[in-house]
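One chain, subunit A, appears in both complexes that follow, with subunit B as partner in the first and subunit C in the second.
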Partner chain A sequence: MRKDASEVTAHPVLIFWIIAGWAGYLLLPWYGIEDGFFRFEWLVDGWPLEDDYAPAAVLVGRGEKLWLAPLVPALVAPLLVIRKRKIDPAYSVVLILSGAFGFSWLIAQGFGIGIRGFNYDWLTALFGELGDRQFGMGYGALLVASSFLFLFTQGIAARGAINGDVFVVSAIGGVIVIVATFVFFPIAKMLIFAFITEDGGYSATVFLSKFFDDRLWGLGCLWGARCGAAWNSLFLAVLVGFLTTVLGLAFALVVTRSGFRAKRVVRALTVLPIITPPFVIGLALILLFGLSGSVTQFVAELLGVQPTRWLYGLPGVLIAQTLAFTPIAFLVLIGVVEGVSPSMEEAAQTLRANRWQTFRTVSLPLMRPGLANAFLLGFIESMADFGNPLVLGGNFDVLSTEIFFAIVGAQYDQGRAAVLAMVLLFFTLSAFYLQRAWLGRKSYTTVTGKGDAGVHPLMPKRLAVPVFLVAGAWGAFTIVVYGMIVYGSFVELWGVNDSLTFKHYVTAFAVAVNENGIHWRGAAWDSFWTTIYIAAVAAPLTAAVGLVTAYLLTRQSFAGKNAFEFGTMLSFAIPGTVIGVSYILAFNVPPIEITGTGIILVVSFIFRNMPVGVRAGIASMSQIDRSLDESSLTLGANSWQTFRRVILPLLRPAILAALVFSFVRAMTAISAVIFLVSAEYDMATSYIIGRVENNDYGLAIAYSTTLIFVMLAAVGLLQLLVGKTQIGRRTQFGGGG
Partner chain B sequence: MKLTRSVLATSVMAMTMGAGAAQADKLTLYCSAQEEWCQVMARSFEEATGIDVDMTRKSSGETFAQIRAEASNPKGDVWWGGTGDPHLQAAEEGLTEEYLSPMREQLHDWAISQAESAGNRTIGIYSGALGYGYNTDLLAANNLPEPKCWADLLKPEFKGHVQMANPNSSGTAYTTLASMVQIFGEDEGFGFMKGLHANINQYTKSGSAPIKAAGRGESTVGIVFMHDAVAQAVAGFPITVVAPCEGTGYEIGSMSIIKGARNMDEAKAFYDWALSAEAQNLALQVNAFQVPSNKGAQTSDKAPDMSTIKLIDYDFVKYGSSDERKRLLQKWDEDVSTLPQ
Partner chain C sequence: MADTRIRSKAAPVSFRGVSKVFGKDVVAVDNIDLEVTAGKLVTLLGPSGCGKTTTLRMIAGLEMASSGRILIGDKDVTQLPATDRDVSMVFQSYALFPHMTVLENVSYGLGFSGFPRAEARDRARAGLDLVGLKGYDDRLPSELSGGQQQRVAVARALVLEPQVLLFDEPLSNLDAKLRRQVREDIRAIQQELGLTVVYVTHDQEEALAVSDEIVVMRNAAIAQIGTPRELYDAPVDRFVADFIGEANIIPCEIVAVDGESAEIAVDGYRHRLPSRGMPPGPATLAVRPSRLRIGVENGFRATIRKATYVGVRMEYSVEAPFGEVFVVQDDVQNPLAPGEDIRLGFAATGPVLIPQG
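This part shows the complex of A and B:
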């Protein structure tokens, strides 16, 4: 098979990328266009000769920007091997060399020459003043860079790496490059500040003095004073990870393994907190349980005690985070719980195990990857959460808020922020490794190619009762909290004046129709449409990158796989605030200049949320037997076809989870966004926070409520579009098949 | 054929003209006051001059962090509003541009002295005095005496009833700390902060959070700038505003031109306009209760009457410098925040 493939001398993929490279160099504007990436006025505005829109070839031809000339040989060389066979050593050598040289040169010139000529003094010392400058890269540079990258990976594949599989090698190369560009590069730029002294030099003692700080590591809470933010964060995150996993599992079991009828309600309910904009849950909890909250007042009167501020601190943050992150655990676990093959459970029952034994010894151990992933996500989310500790934290300091205020507070201490970010990263990465150690090298595969005719058994009684109690109580609590929120959007002034009104909705979403068409009069429309647009662009990209990465991690083995996995999880483990500032530091200057655009928002969402797609994909894929891939490959499909035709359809729950999550998170994220929004691209959440800061709770809550309903509709729509995996041939608990 | 050609020509012309219009005068405004005020300022300036304004609203700390991060390739032109300290700090770091506006003679002295202490890299646009507000319902429910002075907040019956922001994270709280040091002297000022610490129920992160908590009934007293407390009262919350009897410090909301601004001429046009009486009168439309810096501008009748408030001679040069700030904050961290409550 393989030999046949290598004897074909027309290489369509190679030809495609060579053409792409030439098109990028000869035709498209090399530098970024100020109007925006998706504006095409340049086509009629003097292109290709106008300086701002000129392709690299025109610039070089005129004797400008001569540092782009060395790219030409790297583009020419691959033309020589088009007719060569893949097994010919010259084929791979030429592709590897030209790809590597072209790509490195592109990056080197991008960093070497900026808006003020040479970026480094030693370059000026070597070559003298440049007398020219360049702005951020545009379409042309992007296309040429991709072309070099994929020429390089094709060369590597031709040398026999990963069985000569061009798709897999290219996917690995692509993911490495984008993760390096949009995760490692900005974060490295930020973390360097931990070592910078006040006068701009580098020093390790600065780092050490900031690291061994009592506010960070103090253990005062053991004897009545306060503990350091590091311990607080760790303790909180472990609690939240544990609670969300248990609750998420309870909901997943209710939905998949019980006769419970209103499953859709449960699904909708558990999705609610995740689609809630930040601060809203916190405000609702304050109105219920705060010092003047209705529940607190009621209980205090009932028992005749003085109401207290018990909510502020660990209890409040714990409740709010558990409310907010249980759905994430649920979304991860539902795929896993559904994915445990019924035939395993039926086999156990045939061997006379009762339902409890079956659950404890077969179902539960098979869910371990899901449980571990759910815990990990809860832990990391809690570590990085910013909105809830801000509203409910009281004097309970955690790392994420400390980082935010180290940057924007009265101290302006970026170094301290960088040190705190390192501690936070250390915790989250340790959790990540502990999780892997616990899962070990065992196999959790249960869905095989042999067909599966089973039905999931019901939960055993002694499990069902507590599960229903827990899920029921938590579900009821969620309903109360959300009832409060909806109610809050209809009252004049929440907590003070309870007369009902529509005025907040009118202010936010008024629409007028006159002879010129529809006028979006309301104050919220601008940020609303921007948010929908950005979220809709980001979601499919996030899911795609996430699932391809998950596929590489579970299905392929290659050198440096662990480092690769670490890299893809990194952005999730870093709080949004740090991402926000590091993105400004990294992407405000050439070669990649995207601040103030919609692209930077989309990019930040993709890399913030990609890990969830990765985790969901890994959890589901480790349950699908490799023999399915192998039989597909044996039948002559290549790995791309296998991925598309065999694995993707089985991954529907994971795809749905990734799509839903990234869409919703893009609409509700705040901490990174607050640094990245611009006048043209304002997002709903930053608008809402502005209203909250301005006491305009009614409008803020009305807007949030609207967002909640919009997202519910979006989630429902996605669910319809993507559909459901059917593993067994019979439907559960009767009904038509 | 001819038709198509002329249609093409017109559309090309239309598009180039569109592109030309896009390059018309524009201004990128970083605004650190409240949303409505920012909106009104931006729209009114557009009406007055025809210059397009791209406005982004962020808190002064966030804006300062952003201007710093963008220093090598500035995106903003003017930074309007927000407490004076970050503006002074930006001036100290050379992030903002020196400018002498022709409007200066119309301004109060405090606005000019703010400019002079920053080498004319910033200027005062409004001021607001520090004070506190209390929730009348909660005060009555807890049978507490009406506080009138700073010292009243130290009474033992106020234990657990007072909220202020953390000076490490909030400019408002740092102004409180610096004011106490200036009112009572350094030793007694820190003595006051220690006494207050015993009664504090929470050090919030953001400066105006304490009065919002008081408004919602989550704390009895909140130490904030008085115009923030007035805004709560006007919004309908049961808040009474107090100008402490011992005298009090104040902030000067400021405006700066960002160094390397891409639209320098427009930035200066905005700067001059924002110092005019008619621009400053816009504050009245949006319930902003600060005192404007133009002598001819009007002050809201709901605003705290500055003539009845005992203002101290706040030393912005000394207490705005990073060294003094670091020293006081460190002392507060070590001597006050570690005490048991």
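This part shows the complex of A and C:
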């Protein structure tokens, strides 16, 4: 009954992409449309003849944009092999050649010809002045590019790559192209900017002078002046990494190695960093320790001293980051502490080690890689953090905020921003590389698939006392800080007028009902709905890209898989500010011109949060036995059908988790967003930062509190849904009918 | 209603010089030739790491041969992926889809074979009937016992009427009592429908019990192919002799060859057995523990070192001049004690000459 694919001569996937390519060339507007990607007024506004909306075929037919003409043969050639068999050598050769030629021509003309004609002098020298110009790519170009890409991958598959599996080869090709476009291309473009002189030439001395700037590497703080931003960032990140690791370990020990009752509460801590916009902790600290903060005022009155601005600078940023990132360290370390096999510890005890000796000689050494991992995570997070230094940094310059001021400040120096971003990227990538290269090999995970019946011993006394003290104090502090956030949102004007009020909420979220329906009057609604909209668009795309990547990484083997994995996880180590700078440098000119649109925000979220989806996918896919895929394949399903009918349904909890987390992360993000927002697309976080800069703390805090509760609701809903899917079951045939 | 009886479309499988290399230099299967006759149950047997599972997965199309050709029926399938081969497989872990009911699992493959939904359902029901799971349609795999899951996996593979049905250690997750029954069921269905089955196991008793033919593999190559009887009675070498039922390897001297039969001497003890084409001179003998006889008058001298009572028989470790031998005796009433001196001889049939090495 089974059909033999090698005999088939009508390939639906091939036909689909050929039609798509032709539709892109003949029908859809070739260039980007000013109104926006999701506006369709052009359909009734002179399309297809109006120049702005014309398809490539119309433009070429009129003798304009003639450089689009060479795409035609690449679109025609695949038509010749539609009736051929896959094993026919001509089939793969034609597809590979036309796909590769079409795709590279598209890219070459896109970069070669810009808004002012030829982009490069040598092109002008070669062909003479071009009396024409072109804009960013639109629907047509996008569709034609995808068509060429997937024609190419089908050609590769027909040559027998990955058992001739079209779906897998296409997925690999697709992921590589989008990651290259939206991660590597902008970073590369940014690096080039570091070498550009003011008059547009390239020069290494420009780079060197910016690189060896005193503001970057100065060591003035050793004798009382100011240190460079690079040293500040490094010093801060090391401190934060160390502190969060120690505190995280203390919490992890309390939860796993003590008789402490309220363990669930401590575990709930781990949700906090997910749902807290990064600068909110800084705001709460200002309410406590700022010039007019409660604690500052209280102490000043008690001791009769002048309140100071001690918080602004290293101390404030350090406290805020430690508060914000301790839960991350805890999350890592709880797995590590639980991962130490109880039977190892029991073995040590039967060998006459007492509890303290067991902890010191067995448990702690086994946790060492986990501790290093937690340290590096804290390091990377601190380096990349933008919100807290912006709010609390004062004169303490760190790289992430310096980048911001280099771009948006009075100096407006793209080259300097690029150099700073390179330094920051160097630090985080080194930490990322260390984490993978060094820790990847040294896994001491002692948990095996087999049940380990032992019980973790309790902490020894001399460890338990300090651990409880530290964890208790820090836990109480965290609760106070979060309490301040909620309380602060109801206070009229902190430190001046302490009366309680709903004023801030009204200003932000007032709603009026009139004859036209609901009127969103509050100042925050615009950015709130934009945020929800952008986050809701980005979340499913992030989850999809992440899960497909995870599928390729866990289920397929192909040449260059390690590089593929490194490339896809890389965006985790790229700080948001770097992404932000590189995006505005790369995407404000054709061929991809999306600065100021909602798309650039969506795209930045997809690639900032993709590692989250990839990790969720990898974690749950490695729970699904490979034999399930294989049995589906031997039962006649192809890999796409297997992915859709076996893997996806089993991944439902992971999909939900990826959806919710990318949604929530998109709502809390600030570092990349602040570069990419525009008047039309303002996001909640950048709006709040704007309020903070205007010293409008009440509104900022009220808005933050609302965001925290919205996200708490999202996470809670996820818990409910995931709980349900475990008992949910589908019956295709009904009750025996 | 369409005829939903399951038929066989049994086809032969043939391997021509097939090798499989993982990475750069890990040779999992080294240039093997193999013919599986249509309608026969052939077992791939060998210690772990011998390449038997890789061989099976190459038939399924889950691994692609690095070189050589694989034919199913008269068609070259070397380059075809699993999806496009007319082969189905029962996995060691059963690999039932946990999110589908029993009936959905069994009709899964039928959906891709172009059957309309109603017919797929009827065929799936017929398959479940065949393995004795009528009425379990709406259960989830997690609601079934191990043996039942196993049978669902068999039904799921059977309903596709594959040219070749593959089993990868299908009994290893079952308890000892169930194993005997399931293996008999598998054999019964195979014979009734006349299926071509390739079966992987590392358990020699299982292999002897179910197979028409056994392929013993060692170090990525085939050591011997034969019927269970041939392998047991006439192993080609020491490895096969020892792997299929234990064997004592005893050095001996062929003193005279007389056509098909030879006379050998072991420490002065004389015995006649088939010569298997070997010339006079030093040789090696493989003797099953049960084919050694204690108390043979002119046998060679030996001393009991250990005696173990295991219920149905006695097991002795015996020290002979050429080394230790392992002897099994059915007489449990009069056990011998360690230290006793005895004379050992061979049963009339059983011992075989094997090439030296």
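Simple rule for what comes next: the second predicted complex is superposed on the first by the 433 of 737 C-alpha atoms of A that agree within 3 Å, B and C clash if a C-alpha of one lies under 4 Å from a C-alpha of the other, contacts with A are read in each partner's own complex, and residues count from 1 in each chain.
By definition in this document, contacts are C-beta pairs under 8 Å (C-beta built on N, C-alpha and C of every residue); 3 or more make two chains touch, one makes a residue touch a chain.
The structure presented is a predicted model; accordingly, all values stated were derived computationally and were not measured.
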Contacts of A:Ser292 with subunit B and subunit C, given as first, second, both or neither: first
Which of subunit B and subunit C A:Asn163 touches, first, second, both or neither: second
Which superposed partner A:Ser678 touches (first subunit B, second subunit C, both, neither): first
More subunit A residues in contact - subunit B or subunit C: B
Partner chain in contact with A:Ser203 - subunit B first, subunit C second, else both or neither: neither
Touched partner set for A:Leu633, first subunit B, second subunit C, both or neither: second
Subunit B versus subunit C as contact partner of A:Val408, first or second or both or neither: first
Partner subunit C, residues of subunit A touching it in the complex: 1-6, 87, 160, 163-165, 625, 627-628, 630-639, 641, 645-646, 649-650, 729-733, 735-736
Subunit B partner contacts - residues on subunit A that touch it in the complex: 35, 41, 44-45, 115, 215, 220, 224-225, 286-287, 290-292, 309, 312, 390, 393-395, 401, 404-405, 407-412, 492-493, 495-497, 581, 584-585, 588-589, 593, 595-596, 674-675, 677-680, 682, 690-691, 693-695
Touching residues (chain side subunit B, partner subunit A) in the complex: 11-12, 15-16, 18-19, 22, 28-29, 34-36, 54-59, 61-62, 64-66, 68-70, 72-73, 75, 85-86, 89, 138, 160, 166-171, 173-174, 201-203, 205-206, 208, 212, 215-219, 231-232, 235-238, 325, 329, 333, 338, 340
Complex interface listing, subunit C residues touching subunit A: 60-62, 64, 79-89, 91-93, 95, 97-101, 103-104, 108-109, 112-115, 121, 137-138, 140, 153, 156-157, 160-161, 166
